[in-house]
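Next come two complexes, and both contain subunit A; in the first it sits with subunit B, in the second with subunit C.
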Partner chain A sequence: MSKKGFRPDVDAPEWKGGHQPYDIIKEGTIALIVVALLTVVFAVMFGSPDDKEITIKTWANAAPLDFAQTALGEMNGTTTTAGYGAPYNTASTGQTLGPLQLAKWAGVRIPINTEKDFVIRPLETQPYDPTLSSALTSWKAASSTQQTTWVNNFTKASNSMKFVNGNVVASTSDSGPVPVFINDLTHMARSGALDADLISGGSFFTTDYTKPLLFLSDGGYLAKLAQDQHLLGSQWGMMNETNSYPGQAWLWLYTFWYQITPFSSSSNADVQVWGMMMLLSVILLLVPVIPGLRALPRKMKVYRLIWREHYRDQ
Partner chain B sequence: MSTDIERQWTTRLRHRVAGKLPPEKVLPDTQPAYVASWIYVFGVATMSAMAVVIGTGFILALRGPQWWHESSVGHFVNSLHLWSVEIFFFAMVVHLWGKFFMGAWRGKRTATWMTGVVTFLASIATAFTGYASQSNFDSQWITTQAKDGINSTGAGAFFNVLNFGQMLMWHIVLLPLVAVILTALHVVLVRVRGVVPPYDDTKKVGEAL
Partner chain C sequence: MAFISFLAALIPLDGLGHYLHWGVIYISVANFIVIVLMILTFITALLAPFPGRSRRKESK
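Moving on to the complex of A and B:
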């Protein structure tokens, strides 16, 4: 290539200097041994975290009122899942990136009706109980307007909700079967039966934990434990692990955006941060063809440190 | 007859591969004199860590996803898996920055850079699905948080981070396959094009920094 047409950020000068012995197999073997030894040293010194999972049973026993309030929220539509939108339901448009309604366009692929899936259907699986059976019968016989009225009336009374002698009680009237549902679902949760029902979903084999995880994350208990372990989004939680393990440190830039405005206060923060990271990833991919960006290393001259022996010998 | 053989796809492919990658390029015994910096170690360190990650992952796979919760040996293997991943990413990030500062895409090495970047991104996805399929408190919290980001892009409709079975399959089959293929392609490109030469800069060392 002629010197005139040489583009320093695109073309590389032809190497006319000398060569030195290089044993690629030896280098690879030594590197593998060193990395393996380092891995063993770190594993012996620090181990790895394995905090036991939280069950709905754990939650309902540790914080029965939080569970009961969440169960009511699944009925009155105030929980995160109930109002989520796609891919779970059509309760909202979901997050948008300008005019792009990406979640909505992808559609409801994992349909979840929180009232039916998290409350009514699990209760229907319970052994026969005359009170519950009667409550379910009257619920099914009622119009949707009547159902809404019952739920709203119990919601208004929910501030007075108490957990007394193993039962959820509230001062309410005209709430129909809703108090029975919330109390019985709390009993079911405290016994572990709700875990079994939500996990299995009626099947014997399962590997899908979508429903119990969504229900768990709708409550305040899981978030409280996460906050204690510095795992909230506002605590750089996306990259952390329990205790003091490094976690996914490589996600620092992704997590960083959640800590600053406008993302930290945006209702569309997730899609905005993802959009930002997609854009930055594409830029990183295309560094070789972006004028200005591809000139940075030549202008920053860090290469003179890397190849200092080469330049010293010139 | 010989002309027919020369026209065969197999023969043509062999000639092409042999021309691009002769044995002395695949297993070189010399390197240009400028290849003399610790920064070059991080490429091979990344691959070594990847080998340890895959090896420990194989052992974990032998006994299934519950084993490491119930057995002290399993927990130790999990610790090896975790720390090899940490070393892998550390080495990979240093390697990436080193290559950036070398302008390593110069001299028709754009594809080498791009396969490296895509491997980096695929590795992040692989690691994430590993964290998502730990089946403990960490994975409960990580997945219930991460779902919002992935759902917001529309991808959550097809890639359900709350589905343990799906995440485990992505973690131990699909994404490692992608990462290994991309790594192999990246290494082949490095061997075909060689290591990028230094910038043509005749200034004395002291002038630059």
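Moving on to the complex of A and C:
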């Protein structure tokens, strides 16, 4: 069997120098203690970014008209959630990567009908009120065509929507029970009852915030707060934190792609950026077997800087 | 408790953040400082002499 020549970047030369004992447990313990102490000292010095949570109650009290408009959007199907596609509904194909319809293939795993789940069902849980009860009865008795006509008529009048003396009012006609729904849902939201209903959602556990978060993100209030804090995707928000705190600086590359074309103008940016990061991750993983790329450490000679004492003596 | 409250966040970071903008780059001052510190730490790790170097020299 012929002996192959030495291949740099692949073969490791046999070490013929001396050996010294090395106490890795001691070094690990020192590192652990130093990092723990630094963590405590920095926590005392800087505190932590713990802004008060934003709920639907906060939103509906701060911007009742924005809430009412969004609630109407949930009924007429114009909100982001209503038209998102999988995993919430089948309203659109969802995120695609070229010909791969990834979101559609994953399917509707968290079914949400915004009209029923965000408006009608929460209203049905309210204590008996003759006006609301009558409105719900007439809604259920109406055909879907009639329901659509009512919602469309109220949508046309939505520009005249006002919040007067704690009530949402609009100049509208032939909108059936829709004005009652929007007004009562706004009352429900301002009291905090809508948060409670959407969180519990009939389930035993009350830790699933999917529905209230989707409802919140459909409105303009949360987006405005995010913009003020530089947290939007277009503001490199993925790596930012609230106020003056440092954020997730290590996500710079992930959020960088969102800032440049074609990603910044693509409706499939989420899956495209994910695909790009997966590609780069695979390349990083395979560096040891990629000729040229694996030679970079040898050619850049940074190791000679680290072990300069050793190379000086040679 | 009052002592802890006094100590808490000696350096207040609850004010609105400041941001640097160069072309497509948009970065908070806080993140910028953290990244500069990481780079400085990396350069220090490259250039700082290994601990115990003088002991090893003496033993040679």
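Points worth noting:
Just so it is clear, the second predicted complex is superposed on the first by the 305 of 314 C-alpha atoms of A that agree within 3 Å, B and C clash if a C-alpha of one lies under 4 Å from a C-alpha of the other, contacts with A are read in each partner's own complex, and residues count from 1 in each chain.
Please note the rule applied: contacts are C-beta pairs under 8 Å (C-beta built on N, C-alpha and C of every residue); 3 or more make two chains touch, one makes a residue touch a chain.
In this text the structure is predicted, and so the values were computed from the model without any measurement.
By the touch criterion defined above, A:S244 reaches subunit C but does not reach subunit B. Contacts of A:S217 after superposition: subunit B is touched, whereas subunit C is not reached.
Contacts of A:G166 after superposition: neither subunit B nor subunit C is touched.
In the superposition on chain A, A:P49 contacts both subunit B and subunit C. Residue contacts after overlaying the shared chain place A:L231 against subunit B, while subunit C stays out of touching range. Ranking subunit B and subunit C by residues of subunit A touched puts B first.
Contacts of A:I306 after superposition: both subunit B and subunit C are touched. Within the superposed three-chain model, A:P262 lies out of touch with both subunit B and subunit C [touch as defined at top].
Legend: residue contacts after superposition of the two complexes on their common chain; A:P111 is shown touching neither subunit B nor subunit C. By the touch criterion stated above, A:L38 is placed in contact with subunit B alone, subunit C being left untouched. Overlap of the subunit B and subunit C interfaces on subunit A comprises residues 44, 46-47, 49, 229, 241, 245-247, 249, 302, 305-306, 309. Residues of subunit A touching subunit C in their complex: 44-47, 49, 229-230, 235-236, 239-241, 243-247, 249, 252, 259-260, 302, 305-306, 309.
Touching subunit A in their complex are the following residues of subunit C: 7-19, 24, 26-31, 33-35, 38, 46-47, 49-50, 53. Residues of subunit B touching subunit A in their complex: 27-37, 39, 41, 44-45, 47-49, 51-52, 56, 68-69, 75-76, 78-84, 86-87, 89, 91, 93, 98, 100-103, 105-107, 109-110, 113-114, 117-118, 121, 124, 127-128, 131, 134-146, 148-158, 160, 162-166, 168, 196-205, 208-209. Against subunit B, the residues of subunit A that register as touching in their complex are 6, 8-15, 17-25, 27-28, 31-32, 34-36, 38-40, 42-44, 46-54, 84, 86-87, 94-95, 102-103, 105-110, 207-210, 213-214, 216-217, 222, 225-226, 229, 231, 233, 237-238, 241-242, 245-251, 268, 270-271, 273-274, 281, 284-285, 287-289, 294, 296-298, 300-314.
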